[in-house]
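We call the chains A, B, C and D, going by the order they appear; numbering starts again at 1 in every chain.
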């Protein structure tokens, strides 16, 4: 087992990794930006080091500072989490060059899969079905127009270095192409440091189904079943589950084999995910994420296998003690990503202070979060506050349990996606498992801001009651016990409510 | 003070609560809250807990949270959802009715405001320029996504208050309009369905 | 499925039952005393009714009021939880007489097992080994002395109507007998409304191992494996786990059969527990608890079977869809009972206000609690604040995970058993599974109030820092934002610290 | 005020902290806290959060909570454990040293106090009665358990302040003693191991 691990990340995933380290007796070394002093991941770690100001370019993306902390703290390995530097081959290489273990695949695996264009070529060669698209990045609007005509509109612009929906655009026709190309390129540059963008045919309403793979350095490579992540908004997953509602043993075997073949083609070590688009029984390779996924917990709940534990063990040189036949899926797990975005305002991200936080509890419920009461949600990082996961012996009980847990989850101070997820869990199409990546567009009632009369009555009664009990001038009484105002200046600036009576 | 005594606890007080575009008159009488017209009556089950209260409505317990955000404005949190609410007592309500024309939002053209804190990446319009409904105005980057703000109606740009590279805070006014041929305003990409197949990044 | 359930209980178990109802779409009707207005179990329920002042004799034990609420709310069934009226045959009968479903075994089953003396006779008849003891209740000190001499000292005094450690006394020799008899009788009267006490031989350092059984109205009866609950203090369990560290498949089969035989002897329906004392390969019937146990969650985690769900289903007339062969134990689960007792002060129970509460989270961790920040822990009820449960693929990982979760569990405002449990999880004997009901006596270091120098340094630094930041007079600044002082009057009265400089 | 400004933030302040029977001198200098003698130095990582602070000691973060329980007394919570602490600044510390004799607890016979809130079930002694070490004095019921309070030394009962059936609050003085033949006090069953095979119920 590795003696110590530096965790080059923040938020819920950093805390997730610290927990695994603690349980395995591995010394955990956290890093944090000025904005994250005292954050939960900092507090849970065995030691913690500040690495720079809030903007990630000056902190979590600073390879030099991370390696400096690794040297200073005597870290033996580095876990990149997801996002940030997790899919940057240059980081993996720098970590290895510093004599440390990089917890993830080999740098050349990351590079091969990170270049989405190259990955598509590799996969085609390995015999995995791939979506039609441009053979390489498109450099200028003219080339883009040519390629798009050949592929046929609508087309999808994607960052060659990308993943996670950043630098991605759907373009319906030639008109929007130039502007979309520029925007996608800028976003790709900002997110991945590489503006290259390529085109792909845009499939109409497929499902997003992905396969978790896990390999060791001794040539063992297994898949841990599939996850369906069709409920997405602008290519950001919102709800994930395992198994997929269409995941028959036959499909699982076929997709699992394709995923293992894809992983083997790039000599994969560690935990990774092969993503597919699924339509009418066929599946096409979308991309491979050469890192831990946000949604890994649903796989953990149905397999009983702790993925971060096995990332650490495999990185330490251990061989997987189980084979494909030993992997069995038990029950059903669903995850809702809880972000500080207002689902009734087009998922507008919000900043602010978490005034009250209460995690759901009880049987079959798992909360993986990165906040607590008092956390400031700033504008510098992802709006992901945490992940709520529910397990049940079958899909229906998992859904009902998730609905119950969503009622218990209490986050006051920033709007969150909780009411959206509540609606999803109650939605007939979701209950039927009738999903596609257009789910949210197809069901606008999920994001319509309507309120029923009963709810309005409660809210109005509550407002009058609070107003009655606190009649003094604002903000004198609304202040915290520690003298700070109830809202940060930024938050207050955001109040743009029409002045009513 | 929250949870503290009221000026005269024996007196019932009437409030007008504006929430989600509706105005509801509510009577608070000690630990009883009555919604006029609706016949609903809520009882305060538990008054403690600083920002939280527990109400019973028809036997069903409800936990609500209130964060005061201004003189008469509150954020009320109930079952996972946050509502922005304005509350006025009878005195303020009457004052308001005399001053403006009822409960409708301030008339006139709405300026474009920053929907979130971020960085201005590009400004596509100039002062005095005529803009069409749906026309892109400027791009703000926040939380690593680009957000294009667009005109919500046809009008004329009166003032551009920000420049490229500038940091803006949520709610900051970015562009003001004046009437050109009909009402103008801003359409800031909110309430658009996520898959809109155009070049607009979600906020 | 039952349409609605009245939950005649409070605290964590009431919330546990509300959760199950919610997940099954059953209307949940909570009751509460004046002290429990706005408690978590009240809030989670579909409706809630006040039933009287804080003392349980005037609220949770008032059968008349409970039935009145049941009638008023249209409840179709009553779940008694554990404690309170859960093992009172008279309550079960009254519920049935009111035309409602009692969620538990038949009244005569409760009566048969509730009378511990009669239960011993029944079990002996059913061929289950029973500990030597008095044939019936002892009425006076003289009889007690006679019986005790016959059985041989040390003897154990036990309430005939009892359970859960109340009305229980170990007596080493004839001298303490009279006083112990009187105290046990009074306690039994207060706790169960029946002063009858009987004697049993006191076994030296056995293990407490119990078997969960589950039966339906159609004659199906299975056991769900064993739980070891040897770590007890004055017969109150503190740590429970499943399976037992000595639980071989052979022993499990033997104990399971004995438990099913015992349950069948009393025509058992629903969830129940047959408790045994285990010593050197032999086990003796101790008693049967004809209700849900506090520690049922460990069984749920290793079997994947939701016991409260099945209580509700069986009460609604459903047949168990699984047989003994379908029940399989997977992994290992441990539970720590978190009480508001100071382990370094002889587990002195404490009252006060929970100022900060943060539940542990992450994989394999379950919190079943009945508190939140702001909860007042009063003197009227059990000091159980909640139960922390950890699951792992094997005992060692479950122990390590529990240690991690205990570090995360944050309850500020009342002392709790958390530091005791932390020591248990680190303890070599516990790690080895070397347990007995004398575990706490045998390892006084678990409850010794020593503090290491590092810890003292942190505490002293913290104290100086707080004092530095808050120099004004007390209590002006220490008050809550809502104007209440930081401590209730009762709590303040308890501060009897020697006045130092 | 917690988290608020100090009188003079540039000045270092020296405190004497009594915890678990020891007295530790501690220097607070802005966001740095130094333990004299030990060479330990803690840095305040995060000052927010009302009752909580985050300290870094040798690179390791520690979250601590402080609840003020009196003029100079605090409850400090750290990693699941609650410590009762007395803190005096230099001025108070000197005053204290002049008045009493150092840091030892007030000398004299300790009265029996209620270890928890409860109900007096029985009183077994009378005023003026001589009691032996270990002798039962009275029984208090709380949280459904009986708790027998016993004498911790030999002495004489000076006053019995409660009667059967009376409710007592935690910390209430129940019985006072005076010297008889040697020191007297109360042994209240605390710190006894759970399985003590006698008739005493644990609290």
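In this text, a residue touches a chain if its C-beta (ideal position, glycine included) is under 8 Å from a C-beta of that chain, and two chains touch if they have at least 3 such contacts.
All values reported here derive from a predicted model rather than from experimental measurement.
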item	value
Winner on C-beta contact pairs when B-C is weighed against C-D	C-D
Euclidean distance of C-alpha centroids - chain B vs chain C, Å	49
Intercentroid distance (Cα basis), chain C paired with chain A, Å	39
Rounded Å distance between chain C and chain D, as computed from the means of their C-alpha atoms	29
Inter-chain centre distance, chain B versus chain D - centres from mean C-alpha coordinates, in Å	51
Chain C: positions in contact with at least two other chains	407, 480-481
Where chain D touches two or more other chains at once, by residue number	1-4, 52, 63
Chain-level touch network, classified as line, ring, star, complete or other	other
Pairs of chains in contact (touch as defined earlier), listed by label	A-B, A-C, A-D, B-C, C-D
Chain D-touching residues of chain C, taken from the complex the two chains share	154, 166, 169-172, 176, 179-180, 183, 186-187, 190-191, 232-234, 342, 345-351, 355-356, 379-383, 406-407, 409-416, 418-419, 422, 438, 440-441, 444, 447, 449, 451, 453-475, 477-478, 486-487, 489-501
Touch list for chain B against partner chain C, complex	1-4, 45-46, 48-50, 52, 54, 56, 59-61, 63
List of chain D residues in touch with chain C within their complex	1-4, 6-7, 13, 15-20, 22-24, 26-28, 33, 35, 38, 40, 42, 44, 47, 51-53, 55, 57, 62-74, 76-89, 92-93, 95-97, 103, 105-106, 113, 115-118, 121, 136, 139, 141-146, 148, 169-172, 189-195, 197-199, 201-203
Parts of chain A lying in touch with chain C, wherever the complex brings them together	15-16, 19, 22-25, 44, 297, 300-301, 304, 306, 330-331, 358-359, 361-369, 372-373, 393, 397, 400-401, 403-404, 407-408, 479-481
Of all residues in chain A, those that touch chain D in their complex	30, 37-38, 42-43, 45-49, 73, 374, 480-484
